[in-house]
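Written out below as structure tokens is the structure these notes cover.
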Amino acid sequence: MQLNSSIGLKFIANFLNIEANCEDCEIAKLTTLKLATHEDVSFFDNEKYLNDLKTTQAKAVLLKEEFVKFLPNGVIALISKEPYLKMAELSQLFKSSLISSDIKEPIIGNNCTILPNVYIGSGSKIGENVTILAGSFIGENVTIGSNTIIYPNVSIYNNCVIGSNVILHAGVVVGSDGFGYAHTKDGKHIKIEHLGNVEIEDDVEIGSNSTIDRAVFGVTIIKKGTKIDNLVHVAHNCEIGEYSIIVAQSGLSGSTKLGRNVIMGGQSATAGHLSIGDFATIAARGGVTKSIEGKKTYSGFPLMEHRKWLKLQAKLSKFSQE
Amino acid sequence: MQLNSSIGLKFIANFLNIEANCEDCEIAKLTTLKLATHEDVSFFDNEKYLNDLKTTQAKAVLLKEEFVKFLPNGVIALISKEPYLKMAELSQLFKSSLISSDIKEPIIGNNCTILPNVYIGSGSKIGENVTILAGSFIGENVTIGSNTIIYPNVSIYNNCVIGSNVILHAGVVVGSDGFGYAHTKDGKHIKIEHLGNVEIEDDVEIGSNSTIDRAVFGVTIIKKGTKIDNLVHVAHNCEIGEYSIIVAQSGLSGSTKLGRNVIMGGQSATAGHLSIGDFATIAARGGVTKSIEGKKTYSGFPLMEHRKWLKLQAKLSKFSQE
Amino acid sequence: MQLNSSIGLKFIANFLNIEANCEDCEIAKLTTLKLATHEDVSFFDNEKYLNDLKTTQAKAVLLKEEFVKFLPNGVIALISKEPYLKMAELSQLFKSSLISSDIKEPIIGNNCTILPNVYIGSGSKIGENVTILAGSFIGENVTIGSNTIIYPNVSIYNNCVIGSNVILHAGVVVGSDGFGYAHTKDGKHIKIEHLGNVEIEDDVEIGSNSTIDRAVFGVTIIKKGTKIDNLVHVAHNCEIGEYSIIVAQSGLSGSTKLGRNVIMGGQSATAGHLSIGDFATIAARGGVTKSIEGKKTYSGFPLMEHRKWLKLQAKLSKFSQE
């Protein structure tokens, strides 16, 4: 996804006001410890990821001094007291421009119907038999498969990937920046540029005015055959398994992973960084606060098994009448 | 609403891989047992509707073998072990095309103000003194009454009907497909095409980015003088009575019926297929799980009368301090 | 914000079918008792504002007969049994037209990138280095600061003010009418025209499909550095302090005031006309029903301090197993 040319490590260190005791080299992108390769810079600020630090392939890592000892041999330390804040600042450098100066004519397959007032950005590729209704925006380097229908006033940000036989209803937003900031000591919020994208697999349908945020690094992915209702929020870096069902006004927090055939009832929600097992059902209004196993039905907030919730409600009903 | 020409019954049976022991005849549309006339095909898959089956006027009905005996005389049985799934497949056949090849110039009344970048589809009729701001999409065969204001980036799907003195705020979506699928044994979701429409009566106002889904069959209707706030979801086949008030971020599930002057507080919700009596008030966050009578105030989830909810909260407050 | 020329008081009285025992004079605008100056008309219908009545600078006030005695010397009484309803009717007179007949070419700063299918209304002023993506609507007399990014299909209503370094994601609506009506005895809802606007200060970011309603009178304000996630609803006349964080699908009711660095978790909400102190945190799903002090964490609905909520949940968990 990284479209910029590489940036010198000395330049980066200088930009962040950090010392880099090493020879200069070219850095291809900023990414997580896990995703990083020999050409990338990464960061470490949460001990939960200590194992990733110990095994990272990154060229250089932003981190606090006391963790330098865990770096694999040869990885360059970029030492800071606030590595997360530095990462946010650095993300600005790796942001690609919204609109290319070097325009590549989009490629549009046979038999497409594209109404007036549709904008298609540089380098985008659209399959065969695609319908795009008026007022929709297709950013740059977007890929859309065949037989997909894009209803009016849909917005697809740069670099997103939409499969075949997908239906995006009016007002859907795919690829807007996730809600991610680093916070300064005096309470300001520094934007973390979202360098990842969104991938929507084949046979997915997304209801009107739902929003799917792009990943910080990597990808927010909605897998094959999943159906999403209206006004649903899917945060950055979520992964929704195949054939899941997300009913209206539900919200998924960042980096949450749903298995296949998960059902989330209306106005349900999840906290971030958790996983929901295959074939789990969350009843309407359920609020998932920690990882749960599949093949069960859950309710309530905090979440519990549905039969426990029913029992609790029955008891409360009695209790209120005592 | 059915704009396609009719389809032969033998063709339908063949398409669904079903036997039809009868002479061929023309079928006008697919619809419910109740709405069907002598020229229509319908389906039966829920014993709740057994009375409708016994009295249907349909020409032919998709159903399981054991219910054939309830069919009125002369109604043709289309026997399947999965009639609901077959109905979903059949709905594809009756879907009209999004964009007509035969274009009828829209008719626009006197004294309308229509800004640039507005799309108005074939066959639509717009009354007098209507204002449509930039970026809005009016589909095909849409009717809009007089003195109505359509703010920017509104999307109105084909065949919807908007009354006079209506205000649709920016980003409103009217007529997107409801969230309806038939499920295969291996967990896939087959889209049920939404062949109905939305009707919004006079003097209705709808807040920004709210979404009103079209009916599967028949109509989703919002009656005269009702006011809907921002980010509200109204599902397929709902009926909202006159002069109701729906506060922001509320959600109505499918086929729910509100009486007149019903008030739904912010972030409230209803389950599907229930009815709320005239002049009922649902407090903010109330979750209506079964039909309720009018002229009362309700709260909570599960829902209870408001005074009972207040009592319960008082008791819980004490309980937490014990 | 009031762009209409003034209206004669006798004309107003006649329009409202009210007697005005005074000489005629010109009225500049309709506004609150507090905001009114010697050229304005105001209204009184809630004893909570009795102090405002006693000290108002208004030229004339709509009110019930029994409150005339509280009017400061020289203020003209416009007596009605339904002053709130009369105010709603009067707001129609002071509404400015959506589209000017007298067109002033917008002023656009250096180095802006404005994609096709963008509409910019009469009299709007756009700073330097602003990016506006396709499908966005900028109404009349809108001001946008420098370095601001407006993503696709954003709608900004007339007279709103957007600061510098602001990011508005796709589908955001700024300045739609708030949800305000006066109710007749027979249950109809008379629209209160929203004569105020929205002001978004520098460094604010607003997530996709969020909606910010304009003030009835005065301004809905989002202060410097605040970050708002997707699908958030901010009602008329809210004030959100500097560097606050509003997570996805939260909703603020009318006239609510947040201090600085307030955090509202996902799907949280507030009732109207309350205030939240600086550095308060509302956990996800929290429902704020009365004013709360700052520097504390709250949860639940009804809201309580978070540690009390945790204790309650622990007790309920035990209780359900008894």
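Letters A, B and C mark the chains in the order given here, with residues in each chain numbered from 1 onward.
In the analysis below, a contact is a pair of C-beta atoms (placed from the backbone, for glycine too) under 8 Å apart; a residue touches a chain by one contact, two chains touch by 3 or more.
Just so it is clear, the structure is predicted and the values come from calculations on it, not from any experiment.
S.K.: Rounded to the nearest 5 degrees, what is the angle of the rotation that puts subunit B onto subunit C, matching CA atoms?
M.R.: Angle of the fitting rotation, subunit B to subunit C: 120 degrees.
S.K.: Given that subunit A and subunit C are copies and touch, would you call their interface same or different according to whether over half of its residue numbers are shared?
M.R.: Answer different: the two copies use largely distinct residue numbers here.
S.K.: If you average the CA atoms of subunit A and of subunit C, how far apart do the two points sit, in angstrom?
M.R.: Measuring from centre to centre gives 32 Å for this pair.
S.K.: Note the residues in subunit B that touch 2 or more other chains, in rising order.
M.R.: As it turns out, subunit B has residues touching two or more other chains at 117, 135, 153, 171, 209, 231, 249, 267.
S.K.: Taking the complex as given, what residues does subunit B use to touch subunit C?
M.R.: Its residues touching subunit C are 113, 115-117, 131, 133-135, 149, 151-153, 167, 169-171, 205, 207-209, 225, 227, 229-231, 243, 245, 247-249, 260-261, 266-267, 284-285, 313, 316-317, 319-320, 322.
S.K.: Can you check the complex and tell me which residues of subunit B touch subunit A?
M.R.: 98-99, 117, 119, 135-137, 153, 155, 157, 171, 173, 176-177, 179, 181, 187-189, 191, 209, 211, 213, 231, 233, 235, 249, 251, 253, 267, 269, 271, 287, 301-302, 304, 308, 311-312, 315
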